[in-house]
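There are structures below to look over.
The two complexes that follow have chain A in common; it is paired with chain B in the first and with chain C in the second.
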Partner chain A sequence: MELNSTLEAKDKKLGYILIAPTLIILFLVVIYPLLYAFYISFYNMNVAIPWKGKIFVGFDNYISVIQDISWWKAILRTFYFVIADIVVGIILGLMIALLLNKKLIIKSLIFAIVLFPYVLPPIVNALMWKLIYDSNYGLLNGMLYQFGFISDYIAWLSKTNLAIIMLIIANLWQGTPFAVILFLSGLKSIPLELYEAARIDGSSSWQSFKYITLPLLKPIIYILIVMKTILTFKIFDLIYALTGGGPANTTQVVSMKIYNESFNFLKFGRASAMSYILLGVVTCFVIIYMKLFEEKKETEN
Partner chain B sequence: MRRPEIIKKRIISILMIFLILIVLFTVLIPFFWTFITSVAPAVDIHQRPPKWIPTKISFKYYMDIFTSSKKAFGVSYEFKRGILNSMIVSISVTVIALFFGSLAAYSVVRLKIPFGKFITLFILLTQMMPPVILIIPLYFIASKVNMFDRKVSLILIYLAFNLPLAIWILEGYFKSIPVSIEESALIDGCSRLQSLFRVLLPLSGPALFTTGIFVFIASWNEFLMALVFTSSLTAKTMPVAIAEFIGRFTTDYGLMATAGILGSMPPLIFAAIFQRYLISGITAGSVKG
Partner chain C sequence: MRFKSFVLVLVLLVLSFSIFMSVYATDVELNTIEGPGNVPFYLSRFVEFADKTGIKVNLNVIPYGRDAGIKLIASFIAGGEQYDVFLIDCIEVAQYAEAGWVMPVDKWITPDLEKEIVPFAKDGMMFKGHWYGLPYASEWKSFVYNDKMLKNADYTEFPKTWDDVVKYSQKLQDSGVVKYATAFSWAQKESLICDFVAIAASFGGDFFDADLNPLFNKGGAVEALQWMVDSLYKYKIVDLASIMWTEDNVDAAMQSGDIAYQLSWGYPLVRLNDPDKSSILDQAKIGLMPSVDGKHPYTVSGPMGWSISKGTKYPEEAWKFIEFIAGPEGSKVAAIQAGMFSGWKSVLNDPEVQAGVPGLEDMAKQADYIVNRPIVPWYHEFSVMLAEKLHEALTLKKSPQDALNEAIEETLKIKTEYEKATK
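Then we have the complex of A and B:
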């Protein structure tokens, strides 16, 4: 007994030593900076005019961001990306997964190809779409010109109403494989006997999709909605590289806005307030989802 | 089966194959076009419409990048250095994350450290929080302690982003290995650390592998932090070099496309060879959400 407890104490001590490096790194790079950003958000840092020093401004930064229409417009634009990623991405992802969920000859090659956009560096994704959308030579212009749809090349990314749609398409191209992979793993876990039984009972394949496949994939759809919201709210690389937020700010998403506020306008206090408001918005979404999905689960039961 | 049914089935399966081909084509066309741009003569692709099949194939840009040196080929050399820096950073992060991650996972699973919940919370936090929120405070901290434009800074930041997930995957795997295997080693006089490194880790190959691939790809692809925290050839990574390419007004498309192809090689090779690990990692990593 005595021996056991000393052993356990020894184990615990070793345990703390082993987890220490991780905790130190997380503290230095995540926890402390998060607290520091919160602190900065209450100050006017005056980086451009250092002799003034930083000035405590209370909630002024938060108030000015909340009253700023351009901020909410940036949130709205980010939301377009999120909606497209959720609605189109999930429907398309499910369709592709159903298509690939068959006995195929070169399955592993096909899977590898479908995985490609998922692992691709987002900045290379931006580069590839730059080569597609380019106004002087791009693939899209070339194709449309070749088939006679356009008589002159179009500057896709310089048109205020087109640019965001072009970026949404590029983002969907990279984002959809994630849904495909999750759906494929979900489809694999559905026992074949269920379909067998349904077939014997005389149900059509649409009916077995509606009453077997879809209900059993619901948890995956929920996960995808939450993950896509979180991931797409972070979108930055593609927009930074392709339009920089332009033309006329029509593609300026939140991350871009915060980045510009910090490194172009040097308003670090206000940018920190933005970051915290953004974190609040994302958290709200996640909480609302959790509530919605839990209620749904309960009513279904 | 009656004849019309057989014919119907045939038509459906042909339609399926056709649709699969469309999907594959849509996925591959940006790659194809980038590759064509990287090997075709500039004249071919600047025509209206471009020559879809290049008249001549040349790997000149690839050679330029590989043979570039400090004195010649300015932009090519910048990109080459970017690739090298990315390699150093990503490999360091992967190795260190696996090492620290194994230690932490072991301590949570076997040594009954009360941090399990804390780690889960951290995975949620590091996934949910937009990384842009950390940029400003890290920027001020880095300028105070002289950590700008150094690979070490990037390595530390990426470690923090990737450790929680690494621990989470390893933890799940360690739990699945029966305690009895380790107990016999402990009775034979192994210390806890010896049993971790000689018994547990050799059995955890697949988990270490999956984790390693994920950490490597995440570090290789990261752009925002690298953009803010590096500025010169000593630390600038591949994504930053590519962003500068895209941003230039007079762009050499061929060179730019070559950079894109080379920059995407490591993750693509991983996806092609280790797809099973990747897929299992993606599904495991998402279930927690």
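Then we have the complex of A and C:
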């Protein structure tokens, strides 16, 4: 018994030694920067004025950001992006997953094609869409013109009312496969007997979908809503590569604003405050979702 | 127990090897960072420098040149050792000098160098009386036109006034020579500021006064912005894609023969006559910048140079490098092989350069009509703000006057805030 506990203790010690390098790196690369960013959010810290050093300003950075109208405009733009991504992304993901759940001859090939965008690095995706949207040589203009949908080429990313929609499309193209994977796994876990029983009772396809498929996929829908909110709120690569926040700030989402504050204006204190306010906003959304989903679940139970 | 010993021995070996390498690696190596333009040229010059001096120069290439600034600043904050030498833009000199990131090179500047340098190139490398590098691409934006296209539309001269530009453009478009006569780099970035400064000056507008008070919400500057808006929506002679284009996109459009004129940095005819890059060989020429009355062909300057990081461990070697690549001899090679505009008088007057750089004689006529952007430490914040306001006018969200009035207010706030923060 004593020998066993000694061996166990030794195993535990070895385990700690082996994971120590990972923990140290995690601390240095994730935890420490997070804590340091929180710390400097209470300071006026402009790295281009190093001789002044950090000046403690308390909550001034937070107040200044909250009073900045351009900040809230960026939040609203990002929120618009998020809603579009959630609504369209989930519907599209579900539709594709339902199709892939059928018996198809070339299902594997279709699945590989559907998944392809998801494996691309975000910046590659952005540059690819930049070429597609090119006003003179882009594929989109070429196709629409050839099929007679447009009479002249359109400068998609130069129009203030279109630029953000084109970005949403580019983001959906890459993000939808993730929803497809989750929905597909959810569909595979639904017992076929339920559909059998429904068919015997005379239910139509739509009724089966409405009363069996959809309710059983709700947990996946909730997960997707939360994850898409978190991921889309911090979208950056696509915006940076395609529009840089233009035209006229119509695609300036909150991450671009933070980027400008830190890397163009070099005001790291204020940029850190922006980051933590963003964290607060996203956390609020997540808490609201969780509460809504819990209430819904209780009602259904 | 055995495994523990093994892990301990492995860690000791790795540590010893690292210490050995750092102690015994005595060869001097300089590090620098740049965008993708001119990489083959740089690499060949670095090899020549290494052969001549034994000093190796390592180049870190990033996708977009202006992003080097972020990496450089990160390295400066960390001590400035990561990059020893770097390309500096005139709009960065003031900020980097104030922050103590760039090394003054006064002690190496000889009277001969001072006499040799072109005045606006010197202004680009100096701040508060100190030199912060040697000029490398001492350029301005030239007006480049496709002579063959103009002749196809029965024009024998380039347009001298902005009204001529409209008239010529409309005829070029109506006769099917081009879809759009021109395009500009009007993305919401620094490229837009450069074009605005040039066009505003050609309309007789002022940017800042001697005390750095902004003046661009009156007179010629407002008219210039109004012309820019009209060129897009009223006259329709500028490709609407210009709103999202930077200089590279405009260069590509000119090289492909899609547009008849452009504003271009450096020696544009070196690029436009390169069969690997251009489909309009020997068709392009350089003219003076159009202006409101044909008599004020002002353009914007954008001198860049090579500088030394304050934190470098090898200042002498770094100076040797920048003297090699950006001094008069190096500048001559860069002019002929890479189309870099020299900031040295002897190079500009060199017959070999004049023969090797097409259009240089025409470009030199522009030299008397150049304006600079303000050399102030708060330039970046000002530039981002002004680009936003100009874009609001270019996308019809605001009138030019309203956009510039707001820009003035914001400029004064930025200036005041900086002065307060640095007191």
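Following the convention adopted for this analysis, the second predicted complex is superposed on the first by the 295 of 301 C-alpha atoms of A that agree within 3 Å, B and C clash if a C-alpha of one lies under 4 Å from a C-alpha of the other, contacts with A are read in each partner's own complex, and residues count from 1 in each chain.
Here, a residue touches a chain if its C-beta (ideal position, glycine included) is under 8 Å from a C-beta of that chain, and two chains touch if they have at least 3 such contacts.
Because the structure is predicted, anything quoted here is derived from the model rather than measured.
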item	value
Touching partner for A:Asn46 - first (chain B), second (chain C), both, neither	second
Per-residue contact with chain A, leading partner among chain C and chain B	B
Which of chain B and chain C A:Phe263 touches, first, second, both or neither	both
Chain B versus chain C as contact partner of A:Ala84, first or second or both or neither	neither
Touching partner for A:Leu14 - first (chain B), second (chain C), both, neither	both
First (chain B), second (chain C), both or neither touched by A:Gly246	second
Partner chain(s) touched by A:Val226 [first = chain B, second = chain C, both, neither]	first
Chain B versus chain C as contact partner of A:Pro33, first or second or both or neither	first
Contacts of A:Gly142 with chain B and chain C, given as first, second, both or neither	first
Which of chain B and chain C A:Ala179 touches, first, second, both or neither	neither
Common interface residues of chain A - those touching chain B in one complex and chain C in the other	14, 134, 136, 263
Chain C - residues contacting chain A, complex	3-4, 7, 70, 73, 77, 95, 98-100, 187-189, 239-244, 253, 258, 377, 380-381, 384, 388, 391-392, 394-395, 397, 421-422
Chain A residues within the chain B interface of the complex	8, 11-12, 14-16, 18-19, 21-23, 25-26, 28-30, 32-34, 36-37, 40, 96, 99-100, 102, 104, 108, 110-132, 134, 136-137, 139, 142-143, 145-146, 153, 173, 177-178, 181-182, 184-185, 223, 226-227, 230, 233-234, 236-237, 240-242, 254-255, 258-259, 262-263, 268, 271-272, 275-276, 278-279, 282-283, 286
Residues on chain A engaged by chain C in the complex (per definition of touch)	14, 17, 44, 46-52, 134-136, 155, 157-160, 243-250, 260, 263-266
Chain A partner contacts - residues on chain B that touch it in the complex	16, 19-20, 23-24, 26-31, 33-34, 37, 45-46, 48-50, 52, 100-101, 103-104, 106-108, 110-113, 115, 122, 125-141, 156-157, 159-161, 163-164, 167, 192-193, 217, 220-221, 223-224, 227-228, 238-239, 242-243, 245-247, 253, 256-257, 259-260, 263-264, 267-268, 270-272, 275, 278-279, 282-283, 286-287, 289
